[in-house]
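To start, I am sharing the structure in question, which I have written as structure tokens.
Note that the chains are named A, B, C, D and E in the order they appear, and that numbering of residues resets to 1 at the start of each chain.
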Amino acid sequence: MSNAQTSVPPPTRTATTRNLGLIAILGSVVLALLGLFFTAEDVVQGSSVRIMYVHVPTAWVAYLAFVFTAVCSAGYLRGKKHSLNLDRLAGASAEVGVIFMGLTLVTGSLWGRLSWGTYWDWDPRLTTTVFLFVTYVGYLAVRGLGGTQQQRAKRSAIVALFAVIEIPLVHFSVLLWRSLHQEATVLRPNGDVRMDGLMLFSLVFGVAVFTVIFAWLVLHRNRVLALVDAVEMRGIDAALAARHAEGVPT
Amino acid sequence: MAKDVGGFPRRWVCSVSLVSETSVVDVRDAVVLLGSFPALAEATLTIERGELVVVQGANGAGKTTLLRLCAGLVPLARGTARVMGHDVGSNRAAVRANVGFLGHANGLYADLTAGENLSFWSDVVGASRTEVAAAAHRMGLSERLLSTQVGRLSAGQKRRTALAVMAVRRATLWLLDEPHAGLDAPGRDEIDTLLRDAVAAGATVVVASHELERSASLATRRIEVVGGRIVESGGHS
Amino acid sequence: MAKDVGGFPRRWVCSVSLVSETSVVDVRDAVVLLGSFPALAEATLTIERGELVVVQGANGAGKTTLLRLCAGLVPLARGTARVMGHDVGSNRAAVRANVGFLGHANGLYADLTAGENLSFWSDVVGASRTEVAAAAHRMGLSERLLSTQVGRLSAGQKRRTALAVMAVRRATLWLLDEPHAGLDAPGRDEIDTLLRDAVAAGATVVVASHELERSASLATRRIEVVGGRIVESGGHS
Amino acid sequence: MSASRIVGVARAVASKDLRIEWRSRVMTNQVLPFAAIVMVLFAFALDNDGILQRVAPGLVWMATLFASLVVVQRSFAVESADSAIDALRLAGVPSQGVYLGKVAALVVQLVVCEAVLAALALILYRVNVDRHGAVLLVTTCILGSLGIAALAAVYGGLSVADRGRETLLPLLLLPALAPVLIGATRATESAFGSDGARAAEGWPWVGLLAVFGAIFLFGGTLGFGPLTDE
Amino acid sequence: MSASRIVGVARAVASKDLRIEWRSRVMTNQVLPFAAIVMVLFAFALDNDGILQRVAPGLVWMATLFASLVVVQRSFAVESADSAIDALRLAGVPSQGVYLGKVAALVVQLVVCEAVLAALALILYRVNVDRHGAVLLVTTCILGSLGIAALAAVYGGLSVADRGRETLLPLLLLPALAPVLIGATRATESAFGSDGARAAEGWPWVGLLAVFGAIFLFGGTLGFGPLTDE
């Protein structure tokens, strides 16, 4: 049943992936140049505003990754043949998403240190970010529970659907949190940052670059996961042989 | 009105007849992984309706796993398994609805009394009070025992309660893992009668057992599990 | 140096000889209450050193309770009970130090591997690595099983591990509650040999069992528990 | 599966769970004393100024969260202890029935817990609740419990399937429940009038809780079967 | 019973318990996440004014208390699950050895838990600890854990003896531990400098903790055998 789905996956050495990789590298270089040299310093924040070109794209692409995970999971559950490939895509996307969300946390903390003088503040969005991060760490833990590959796929697909409805729930409830009461404590200059054209362009460009990096990583990670599954299936053959030998009296 | 066959309600027989064209159990090259260990390693087995099959084999050979596979409790890694015409991989609910299973554990709630356990399970499967009372009586559960918390019963009394629960269930395929363990001599005889009656009423019974003498007299067929495979399959006795 | 008798270290024999003047078990009119239920109701029993006594009786008769009383695990409500010369009521520590007990449960830690369980218990009772290895080998525990968590073993493999733990212990009085349950045929034979060896080495063995044929060949004496009393006591075979 | 069958199974499961709880008193002897001592100790620690009234709602719901962890773990430990879960799977009953029964029993236990905690808070922290506040409080408790129970039962079912998996439960449950906790705390603050909040301000939060409850219950009813079905 | 035998048994029991914990990760996956989320939510709830720093020590110890309940229950559940406790009783080992082994394993787990919680408090609540404070903090953690573990193991042993009795544990343990909790909280407050307390003020509390620890440990060593011996 699942044998066919775990045969050796197609190679990633296709023109598309290679080009994606190239674009990702070039894009990163351009983004670094834009961010570090061409964009202006911020009036208030000085040079530290340059963190934004990593911070914001990683956050948004992490959201994207989680949504993609959910889409793949729904596809897995709806599909007649329960494609393990969709499941692996979901897993790969969540892994990359967790990494990006982690990057958001790290860059945010560093930025916070520079602009607020502290690594952490009890801002709603920061708290949201932590909850989401933990949620998807939990999702990855569910993937690691063991069992057959189809079991893993089914379980984690359902958990992914639960997790993704948490994104808006967590997001809005925590935003409402302050808005109902005192709001002045929010230190972060949300929309207040005046953006000139180049800054805005760099930000959008950053998002694009990180999206390409995301796609590239997911493609490769997906292949690795497929290989891991295939290796697991091969391991079964050896285990079967050993098991059969048990019956032979010594 | 449904007439009883050997003490069992007629509806069992009816529901069996719906799928009588195919084998009750049809397992082919089944591989079941527990962790990464192939507890069943390409096992192949066919059981026809009305058989009383005794499964033997060394400790760890895979008897329990075979029964759990037939009950749709463990996933299949490779091969095929059809039980009562339903695919165990894709249509577990249908399989489970018609299977009665008694494992090494009793599946009872220790905090509830034996009577409460029985009536919970009968509520769940929709059995009547009289069926419950009959099953309890059959397994020798006195009023005193029925009102004692299961956690306080002796090992054999627990097993008897579990068997009563099993008997209340309207299963067309009975899967029992060492049902004799812990029972006294009259209890063992009672089980044998229970299983024979079930077969007479049209059910199919698979019993894993280490008691070779006892099972020899009970079985219509004996099979042996060795190293995760069914290697030797005796003919009908 | 201690020389072995029938595979068992000499020191067992020595420690037995210290209390050889009295009966190993001497229970008189013992009443044991579980909750308010008299699981033992004025039971009287004497067992001499070197006997291999099989205890039979219906489910709930009180066999387990009798064994637990001899092990000093349940308190005496009335009557007297002396085990190896020590009063079970007042000097439990002395009783327990010389008793090996295997109940319906295995007493193993499910999260530890079989090997870790064995070495924990041998550390606790002070047995050597070679004794442990010998016991594991004797009970058929392979390297693979020894490095598998007990919670994942099959029912019989767990029982084998528990028996290996039991064998590692230097008991002078062995109390076993249905040791055969769950074991395959070779395992059952192995236990019988183990018990006979223990008796040969000077230990005393009490086994509760429902397997009448098997225990008949094993026992030097058979007793029956009926309604919390020992009513019928066959002579030495 | 017919709806009446689902309801029947749900009722059987819920009453069984409640009876077991009644016998074993895990809630009364284990959860409530802990929660109570936490509240008392806080009362001691933060006596002097108005902090207490401010913390009270948060404490009540934190304690409820704790209770829900213990209770849901227990609720599924009972199923796995002697493999009753296998028997349930094999009874051919609709998993929706089992799920709804579990949720119902959890809700009852959590509401009891909250009632005790809220009463404690009222007494210890000298909180005053007017009639409007009382209505708000009761609604909050019921909807909050529903949201917690609906999600806890799903993840509890996932974690029961295999030995050692139960440690996953808090990891999955806690971040997901954070919004419920926040909503319930906010609504309770309004009911308690902490920080000068007025009861009317609490109703939007109650609405949020209702949404959570509905979503989780719906998702749970669909997802419980496949998740627990190994 | 010779002292070396006691130490040998204690070591075997402690390492067995720690290994089981290592395998099952109840502490890391279950207790710590809960404690952490409690601290996060509190931080979130009580952000603006200086309350956080004031509550931090209390929270750390409340979380430790919670952890100790879970851990000690688990520590004895492991013994009763498959009746290993019977085997332990029958092994002819000195009960003092079993007790001390249990206590040692508990102390290790609790200290780890406190370290994490204290670190969290330092980061999340922006508490500053100077060198003197750090020494005080470490001493407090060790002695506090010892007191909790020494008492918890006794009552844990009592509660394991019979089915259903485990729910008694919190009821027995919590009131008895209140003084330890208060002492430890006060000492930690001094270490954290909450409310302008100075580190030097904490040492008398540490002395109190030491006294508690010693008394409980002594009493436990004597009482554990008779209490668990059914």
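As a working rule, contacts are C-beta pairs under 8 Å (C-beta built on N, C-alpha and C of every residue); 3 or more make two chains touch, one makes a residue touch a chain.
All values reported here derive from a predicted model rather than from experimental measurement.
Farthest chain from chain C (centres taken as the mean of C-alpha atoms): A.
Here A-B and B-D were compared by C-beta pairs in contact; the pair with more is B-D. Note: centroid distance chain A to chain D, computed from Cα atoms, is 31 Å. One finds 37 Å separating the Cα centroids of chain C and chain E. With centres set at the average Cα position, the gap from chain D to chain E is 27 Å. Among the residues of chain B, those in touch with two or more other chains are 35, 75, 110-111, 152.
Annotation for chain E: residues 23-24, 33, 44, 164 touch two or more other chains. Shown for chain A are the residues in touch with two or more other chains, namely 127, 130, 134, 146-147, 151.
Residues 71-75, 92-93, 96-101, 103, 105-112, 116, 120-121, 123-126, 149, 165, 169 of chain B touch chain D in their complex. In the complex of the two chains, the chain C residues touching chain B come out as 34-35, 57-60, 64, 104, 140, 145, 152-157, 159-160, 177-178, 181-188, 210-213. Chain contact summary for the complex, chain E toward chain C: residues 8-9, 12-13, 16, 19-20, 23-24, 78, 81-84, 86-93, 229-230.
Within the complex formed with chain B, the residues of chain A that make contact are 1-3, 146-148, 150-151, 232, 235-236, 239-240, 243-248. Across the complex, chain A meets chain D through its residues 127, 130-132, 134-135, 137-138, 141-142, 145-147, 151, 154-155, 158-159, 161-163, 165-166, 169-170, 173-174, 176-177, 180-181.
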